[in-house]
Amino acid sequence: MAEIVSLAEGVAELVNDGDTVALEGFTHLIPFAAGHEIIRQQRRDLELVRMTPDVVYDQLIGMGCARRLVFSWGGNPGVGSLHRFRDAVERGWPTPLEIEEHSHAGMANRYVAGASGLPFAVLRGYTGTDLPKHTDTIRPIACPFTGEVLTAVPALNPDVTVVHAQRADRAGNVQMWGITGVQKEAVLAARRSLVTVEEIVDSLDPMPNQVVLPTWAVNAVALVPGGSHPSYAQGYSVRDNAFYQTWDAISRDRDAFATWMRQHVLDVRDGGEPGRERRMTGETA
Amino acid sequence: MAEIVSLAEGVAELVNDGDTVALEGFTHLIPFAAGHEIIRQQRRDLELVRMTPDVVYDQLIGMGCARRLVFSWGGNPGVGSLHRFRDAVERGWPTPLEIEEHSHAGMANRYVAGASGLPFAVLRGYTGTDLPKHTDTIRPIACPFTGEVLTAVPALNPDVTVVHAQRADRAGNVQMWGITGVQKEAVLAARRSLVTVEEIVDSLDPMPNQVVLPTWAVNAVALVPGGSHPSYAQGYSVRDNAFYQTWDAISRDRDAFATWMRQHVLDVRDGGEPGRERRMTGETA
Amino acid sequence: MSQNWTSDEMMTVAAARQLRDGTACFVGIGLPSTAANLARATHAPRLVLIYESGCLGAKPDRLPLSIGDGILADTADAVVSVPEVFNYWLQPGNVDVGFLGGAQVDRYGNINTTAIGGDYANPKVRLPGAGGAPEIAASCREVIVVMRQSPRTFVERVDFVTSFGYGSGPGDREQLGLRGAGPQVVISDLGVLRPDPSTRELVLTHLHPGATVEQARAATGWALTVADDLRTNEPPSEAELTVLRALKAASAAP
Amino acid sequence: MSQNWTSDEMMTVAAARQLRDGTACFVGIGLPSTAANLARATHAPRLVLIYESGCLGAKPDRLPLSIGDGILADTADAVVSVPEVFNYWLQPGNVDVGFLGGAQVDRYGNINTTAIGGDYANPKVRLPGAGGAPEIAASCREVIVVMRQSPRTFVERVDFVTSFGYGSGPGDREQLGLRGAGPQVVISDLGVLRPDPSTRELVLTHLHPGATVEQARAATGWALTVADDLRTNEPPSEAELTVLRALKAASAAP
């Protein structure tokens, strides 16, 4: 059964140095506040896993939390490059970043295999591309019935997965809706899981296209309203597209980045309290 | 885009002698009316595929429509045996029935592979059982990363899948909710598909736990209120548990079975018209 | 002293008592569902019921009459597809207890629900088959078997292994790489059997009140070993009987 | 005669015109999404837009600003998980058209969105990477590529094959067992290229109004072949420009 905790407690209990960590959310419901708490608690040597690293991993990478990145699309969506990611890959700053690169289809299936308790998944993927030359976790596999050769990728089983959801009830059952991406698979594939939510309510009214994670499948739930900003939580907030554009300039420059992170992440003492992430929004607008 | 047709037209156009046919629906939403129309149109040599053959396949088998059955649990749920199925397997009446027997997990994954355009699926299944001795479509497969040996089953790609759903809109988009079983996979795995529905409406209001099949993924939709009786359609009807119990006596005896089928299926001329299946209910109660 | 309960009620109550509060239980229809719902209504209010129709955390207030009863979907924490319930919930070992019945169980806890007599192609009796059982037996952390005891049902060797118990004895599960612990307890209308830790053979550890070792031996198709510390189960309590009968009455009503 | 439209607008309009009504189109954000929404608002009202975020049949009334914009989920026929959109909808060949951009495209329609210059471990420019592109390029029945044309973008051989076009020429797709037909058309700000049916080399078949063969040759990193029957595209119609600009204005508003 999931424990209701503060964000700081959740990260302290569940995220360790050297862990393989997945923060998932496909454009929608990206757990930014949890990423910031990981930065504040100065985790190091993380293997970060995520289909679309997005700004949240640009921040973790730029702050030196990561030694390795497993991903399939490392850009600032709708804007361009992730400059901290590029600085790490191209120039090893602040530390070298090892990468393991897949396609979306491959990453999604790796989570599916992880959630399914299987060591690998099979797909029609990567065929003819240069990815298998550089990524050892892409291998051929033959169908035992037809002989046809397909592609295998190994399961992803993060030490901890962190996601953001709209709601939980007091028993710790989690509910999300709208674009729910690969979050169910990422949580079920993980050894431990932390969910930040917009609201904790008495009971979860059913919603169309909902994904419900029963409390016994989650380790901890933390109340963090606005915890997905500058991403969004459908029904609660809209995506702060202006912030994504602003990030381009902030992140191009190492000093500007460091200053921004100090002001908006490191020096925020009351991490996890309601309203914190919303204040950050105002300041950057 | 799905065509709106009568049940008789849909079966005439989409189901041919010799086809591999899947009528799916896990206890809920079993497409009985469509099964009856297949019987009335005297289809022969069908390879019937279904996780739980249920009474609907007992009827198709007893009426001599099937030459082969691919399945994972062939009982009358909550009651006992399927006597027409047993008569065909144990005594070859009315014709011998070849069987291909799997587990639920295996069948579900075979549909998943079929829906995914893959030739096979991988699972932890059948291990230590006698099933692989008798079923050639269960084979070992080794993980290309760990060497661990798992089980492979081939994809199911029926020539035609038939399901029952609560609603469609006039464009042919299909909506079902409640227990939706393996229907999405069975429809997407098939070359052709027919959906019978309780209602055709102007627009599909979202429902919790809905499965929506877009019109361009379905061949034909037929309006058949009560088309899942004696199974049920959540929000429209309840399961006719008494009928399942009654079926035990009817189906034990070849003559009683033939008489019942004549009265309630063959001699029903207006197949597919609203109300037909409901009348049948009354008569058996 | 006359009993005010039947041996089926005793069997159901004994099965319910095996379920610990807060665990997740994969439930088949019939006696397993009755026992699981009895447990939830008595000592295990937070027992998580998982039905193979895709209902996770169902909380029916009457006994469902089929595995896909609408009341399961209506009261579930989540309703998922059938592929998902097997792939994401059962297969990775997320379910603590699997509840299985069958037509035959053997000395090593293997179960047959496929065919009896003759050979596979021409069986004397064709049974429904596997359903979810092979993977429940393989992947649940432990398995509880519930079956009425007779020489035809408790056999030396099952005619067909539908669900793997301990195979031919020690080491077989481990060699096959099965993750779950296998059948930890077999509950019949006469008593309770458990696998011997070293031989894996099912041994009589408990009798229900009123049943005797002789009855149990006569109802077993192999030379039944009786545990040194054979015990007698508590009879059904008034509370257990009241709840069980209310559950049954509520479901018979419609 | 002065033009009242930009070359980017012409490119978008030319791309939109490629989309036939009633087909299903896998759409990436940016120009592909703009073109697909323009098509839906003009000649192809029943065009089915599929976004990799899991939105099937999205019908946005403004341009979404990200692939996971809330308006896509709000207006979709169905919202499915990311694994499902790739496994059940893209992979089996249910999508007619895939729309791809990139940093480089080569003579044989291979696309690079991974890295430019240096080697993979130490690239000169690190690009975002593959995303959904490799499997879109493999599994959609056909692929439309949209990219501004210059010697740096239209190259003899891409530095990294992120998405496979025709490899090194005829027979490569077939040998690899790829099911989709590959890039059937490449649309730039200067004109349109199509693969030669026998050599699979991209050949200039259309120029946009005002563009010249010389410009196209100068903007191509290989010796560009020009089709014998080179044609000139119709300029954007008033209707196309009005709708396109309204779509852009509506999305810039918030």
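Order as written gives the chain letters A, B, C and D; numbering starts at 1 within each chain.
Heads up, the rule we're going with is that a residue touches a chain if its C-beta (ideal position, glycine included) is under 8 Å from a C-beta of that chain, and two chains touch if they have at least 3 such contacts.
Predicted model, so just to flag it, every value in this text is computed and none were measured.
K.L.:
Comparing the two chain pairs, does A-D have more C-beta contacts than B-D, or is it the other way round?
P.N.:
Between A-D and B-D, contacts are more numerous in A-D.
K.L.:
Rounded to the nearest whole Å, what is the centre-to-centre distance of chain B and chain D, using the mean of the C-alpha atoms as each centre?
P.N.:
The computed centroid separation for chain B versus chain D comes out at 41 Å.
K.L.:
What whole-number Å value describes the gap between the mean CA coordinates of chain B and chain C?
P.N.:
The separation of the two C-alpha centroids amounts to 28 Å.
K.L.:
For chain C versus chain D, what separation do you get between their C-alpha means, in angstrom?
P.N.:
57
K.L.:
Would you mind listing the residues of chain D that make contact with two or more other chains?
P.N.:
87, 91, 139
K.L.:
Show the residues in chain A shared as contacts by 2 or more other chains, in ascending order.
P.N.:
117-118, 123-124, 148, 184-185, 209, 211 - these are the residues of chain A that touch more than one other chain.
K.L.:
Following the definition at the start, I'd like every touching pair of chains, please.
P.N.:
Per the contact definition above, the touching pairs are A-B, A-C, A-D, B-C, B-D.
K.L.:
Quick one: in the complex, what on chain B touches chain A?
P.N.:
117-124, 137, 139-141, 143-146, 148, 150, 152, 154, 206-210
K.L.:
Residue numbers of chain C touching chain A in their complex, please.
P.N.:
So the residues of chain C in touch with chain A come to 22, 24, 46, 48, 56-57, 77-78, 87-88, 91-94, 139.
K.L.:
For chain A, which residues are in contact with chain D within the complex?
P.N.:
So the residues of chain A in touch with chain D come to 26-28, 51-52, 71-75, 77-78, 81-82, 85-86, 89-90, 101-105, 108-109, 111-112, 123-131, 133-134, 148-149, 178-182, 184-185, 209, 211, 232, 234, 238-239, 241, 244.
K.L.:
Would you mind writing out the residues of chain B in touch with chain D in their complex?
P.N.:
For chain B paired with chain D, touching residues are 1, 115-118, 173, 184-185, 188, 212-217.
K.L.:
Would you tell me which residues of chain D are touching chain A in their complex?
P.N.:
Per the touch definition, chain D meets chain A at residues 29-30, 52-55, 65-70, 72-73, 79, 81-83, 86-87, 90-91, 114, 120, 122-135, 138-139, 160-164, 167, 172-173, 176-179, 254.
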